[in-house]
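We just call them A, B, C and D in the order they show up, numbering each chain from 1.
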Amino acid sequence: MSEYFSNIVSGLKSFTKGLQLTMQHFNNRKKLVATLQYPHEKWPIPERNIGFELEEYNVIRSRLEVDIEDCIGCLKCERACPVDCIKIETIKPPKGGDFDCGVTTNGTQKKMLVPRFSIDMTECMFCNLCVFPCPEECIYMVGGPNSSKHEIEYEFAARERSPLIFEFAVATEKEIIAAGGIDYLNKKKGIVPDEKPKEVKSTLKKTEPKLNFEAVNAFTDRMTRALAKKAFTAGARAGSDAATVATQVKSALVDADKFLPEYESIIENIASSPLMTSAGPTTELKAKPASGPDIKLLNSITDKMVRGTAKKAFMAAKRAGKDGAGISDDIKKALTDAGKLTDEVIAILKSFSVPGNSEVSNESSVASAPDIKKLNSIEDKMVRGLAKKSFMAAKRAKSSAADTVAHILKDLKEADKLTADLEDIVKSIVPDTVDATPAPKTEFNLDIKKLNSIEDKMVRGLAKKSFMAAKRAKNSAADTVTNILNDLKEADKLTPDLEIIVKSIAPDTVAATQAPKTEFNLDIKKLNLIEDKMIRGMAKKAFMAAKRAASTPEETVAQIEAVLKENDKLIDEVQTTVKSLLENES
Amino acid sequence: MDNLTSYLIISAILFVLGLYAVMTRRNGIAILMGIELILNSASLNFVAFNRFGGMTKLDGHVFSIFIICLAAAEAVVALAIIINLFKNLESVNVDHASSMKG
Amino acid sequence: MSGFWQATMDLITSYGSLISLAGLAIFGVMAVNALVAVYFERKVSAFMQDRLGPMEVGIFGFKGGRKFWGGIGQTLADALKLLTKEDVLPDKSDKALMILSPFIIFVGAFVTFVGVPFSSYLLISRFDIGIFFILAMSSVGVVGIILAGWGSNNKWSLYGSLRSAAQIISYEIPAGLSILLVVITAGTLSIHGIVEWQAEHRWFIFHSPFAFIAFFIYFISGVAETNRTPFDIPEAESELVAGWMTEFSGFRWALFFLSEYANMLIISLLASVVFLGGWLSPMAMFDIFPESWMIMDGALWGMFWLLLKAIILIFVMMWFRWTFPRLRVDQLMYLCWKVLLPFSLVNLVAVSIWELLF
Amino acid sequence: MSMSELVFIFIAALTISSAFWVVFSNNLIYSAVALLFTLFGVAGLYVFLFADFIAATQVMVYVGGILVLIIFGVMLTNQISESTVTQTNRPRLLAGVIAFIIFLMVAYISLTTQWHEGTVQTAEKTTTVIGDMILNEYLLPFEAVSLVLLAALLGSALLSRKQHG
């Protein structure tokens, strides 16, 4: 009973106490109100520092931003994106065209025009993975360490989806047409531009000279380099002379607190080297006329039949070596004959009447370029590395092909690594020099794989070595074979079987005297009748060796029998089986 | 319209309906509803007679109050029985409650 | 039968306007009450939780300001939303009951207002049994609640409705007994009689210590009858989704809402009429104010005082809501049957003795 | 016809039709809902008989108490699987005939009997008169009823509690 009443009393006490507490809050509302009236009031953006020393790791992931002027269209970010929210489309201006895509702040020559670079922020999951692969550092999350590039933005709520798909590409239609992207535009819009691309080209041709970044590239630190390049570009574009630019770079570095004493020499380098690169191969390319008409242009024709006819006529005209105007005339004629000539097609064909066909010159320019891949045939790793390094250096210096070869040879000689073989290889990188001695190369078509049928490892190694030596010496096939045989004989390893095999590598010498390969039609399956596994294996091996050596059926059988006899396995049954190879042949 | 006979007829209809429900329905609760109808008709009769019978006092009203009180008591007890029936037989069909038969 | 139609026409021409006017008045009171009370409730709850409450849908151009009246159009917008919402009837539900039950509950609250006064002259009908009528009619809603829960064919709804019915019926007893105490003392069931008694003597709450206790018992029971926190187990969100209202939407849900806030107003009005002197001015009651202030009486001032008292009581209800946690079912029943009921019974006996002695 | 007669007809029709529904509906819940309207109709008839206190009591006790109890009973005594609760009627024809005969009898008696009709009573203050009568003339039945109520309360509590053992 007393508990009942004490319960009631304590209940009343807590009742009043609770009411008092809430009433206090009710009265104190102005002091205590903590709610932010969000759209009207906002919290200050907090300093984002999660404790990394490097500022670039303290990234705030709020939105992706792209500096489209720096984008080279490499698609690395698109590929990196795990949710495919980045969509990039590129147009590669035709080779030899006079359309310049521009230069990035890092000094890279852009080779693509980017008509579309859209990021769907509704799909983006802010993983930041697209940021790292970008070679030009042009895609980044806004705010944080990037706040100098773009201030933070974290409210992009919208009523529809479309405002959240950010389009960064700024290429205008005219630029796209100038870059040869007319079919891209047509595909996108389904209409044909009414302007002649050629007229546009002349107005839009970029005249900005190429900057010489060589000296600036000497900065090893990434951040510093970027800073320096920015200052350099700004200075160079403003038309200042080298010394002023150098001081500008220096002051920029000092401002950013990145300047170190050892950079002094680099700055001097900048001051002494020319700001613009001399007219290299790229400028030569620019001067060249636009390439011939592209068959792909015809893809924009909607009617299948018409497209087919037009393409046929196009190919025929091209084979006949006609220029753009000629091709378009031919197509027109073909279509008029077929009664399919429409305004649409005429409009497309107008774009063909670009004079000139630079394919030949293109080929020559490609051919004259030294090929670094040829250096891969150098066996010694060290030497290969050295050669490649000097190759790259020469390339950067935009040396001519002959100069490059000389450069590499010089470097190798200095390193005391130059052998005669090497010299040949190095010389081979220049197509011209290779062309000078075409005969041995084409004739030396011996097959080293044929040596694989040599069973003894040691012997095989020896044979291969001498084969390679002979090859390098560009010996004729016959010489090679004799070389190998001599080597083997010296090593006291020459057996009659070997001799056959070795001789088989030179089809000119050995196989030429024998029946053509197609006649070797003995059936190895017949040997399956041999019951003993061991014997069957031996027989088959011998058979294959004979086959490789392109022996005649009689010789094959004899060889098999000889092998078996050596191993004391030639039983009557087996002999008949082996002989049956011949029987069926007849 | 507003005379004794009309009230008597209404209460007769209610009574007969209640009687019919008690006779035909096998669900205990439905029977209870019929009983409520019968009690209502009786109560209505009392009040009607009180008004039109030349009474000086409100005896009919007092009887009506007693009827309502008894109806409440009856309903409570009846529902308690029906719920017990349901607990034991898993059914409220009054025909199933026949185990007291000899 | 021509007489029938003649009578119908007579009815419509002679009484129709009067009846519909009364009905419209009651409906208007209920609607305005719901609109204002919802806004009031939101603001009170916000302030008690150190928030600001609705601030955006203003009609006075206070958008975003830190003014109290910001967001005054919020409930209007909510009402529009409710009226334009799709009216969903679940496939397996008992559709007739689903349609009928909101109207039963609404009519229960609606009819109760017939007996509820707003001042000595401003009321629909002056009953001889005023308080009894109000108590009787306010118990009609229970049937609607049970039918709503049953018709929804949803276990949460059924639980909620059974809890609600049990709670309302249980708490009707202490509430009725507390009012019975006043009826014993004043010797009348009429609301006017009770207020006149208070005008002659004093406010009931100050009449005797038992009446003081009875006021609290009635008020607590009233809070429980309106299913408000801390007695909101019928619609305990954490257990029963929304109790018996779970399956209702749109206009039919709005009817629930209207009747719930109407019930709040009825409880508060009844408490202030019965215990707090009704439309009597507090000046006359305390007798310490100068004579010139006594003009604050009359029909309109009476309405002002009555509504002021009711609004204060409604505020206290909201204050309860944001102070106390929800009771368990057993605690709820314990409070009713083991605390409030014995106290009100003892009160009843004690007040009879008190009346005999003094 | 006056307005009051019109309203009377409406209330009487409501009462009787919903009473029919109570009896003939196969869905127990619908029966209970119809009973609600019947009880309200009877309360309306009480109002017509100038018995306002009885009308209020009718609503309070029947609607607020007994009807709720009945609906509770329906819900507690069924294996709830859907919202309709059906039940069966047995000897319909016989019961109908018997009921109809009784109705004819009662109606005949009510219509033909010359009832003692005095002045129509229009008591203004029913509550005071009823209170007086209960505590004077009808004190013993009043106490008896209170005892019956107490017994019913205890008895039903005893019946419906859980049996131990």
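Keep in mind that, in the parts below, a residue touches a chain if its C-beta (ideal position, glycine included) is under 8 Å from a C-beta of that chain, and two chains touch if they have at least 3 such contacts.
Remember, predicted model here, so these are calculated numbers, not experimental data.
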Task: Interface with more contacting C-beta pairs, comparing C-D to A-C - done: C-D
Open item on the list: Could you work out how far the Cα centre of chain C sits from that of chain D, in whole Å?
Closed with: 28
Open item on the list: Just the number, please: Cα centre separation of chain A and chain C in whole Å.
Closed with: 80
TODO: Let me have the rounded angstrom distance from the C-alpha centre of chain B over to the C-alpha centre of chain D, please.
DONE: 6
- [ ] Could you tell me the distance, in whole angstrom, between the mean C-alpha positions of chain B and chain C?
- [x] 33
Open item on the list: Give the residues of chain B touching no fewer than two other chains, as numbers and ranges.
Closed with: none
Task: Where chain C touches two or more other chains at once, by residue number - done: none
Task: Chain-level touch network, classified as line, ring, star, complete or other - done: line
Task: Footprint of chain B on chain D - complex, ascending - done: 1, 4-5, 8-9, 12, 15-16, 19-20, 22-23, 28, 31-32, 35, 38-39, 42, 45-46, 48-51, 53-54, 57-58, 61-62, 65-66, 69-70, 72-74, 76-78, 87-92, 94-96, 98-100, 102-103, 106-107, 110-111, 115-121, 123, 126, 129-130, 133-134, 137-138, 141-142, 145, 148-149, 151-153, 155-157, 159-160
Open item on the list: Quick check on the complex: what are the chain D residues that touch chain C?
Closed with: 1-3, 5-6, 29-30, 33, 36, 52-53, 56-57, 59-60, 63-65, 67-68, 71-72, 75, 80, 82-84, 124-127
- [ ] Using the touch rule from the top, collect the residues of chain B that touch chain D in their complex.
- [x] 1-2, 4-10, 12-21, 23-30, 32-34, 36-37, 40, 43-44, 47-48, 50-59, 61-62, 64-66, 68-77, 79-84, 86, 92
TODO: Using the touch rule from the top, collect the residues of chain C that touch chain D in their complex.
DONE: 3-4, 6-8, 10-11, 14-15, 92-94, 96-97, 100, 104, 127-129, 132-133, 135-137, 139-140, 142-143, 146-147, 150-153, 158, 162, 165, 169, 172, 188-189
Task: Residue ranges of chain A touching chain C (in the complex, touch as defined) - done: 4, 8, 15, 18-19, 21-23, 25-26, 28-29, 32-35, 37, 39-40
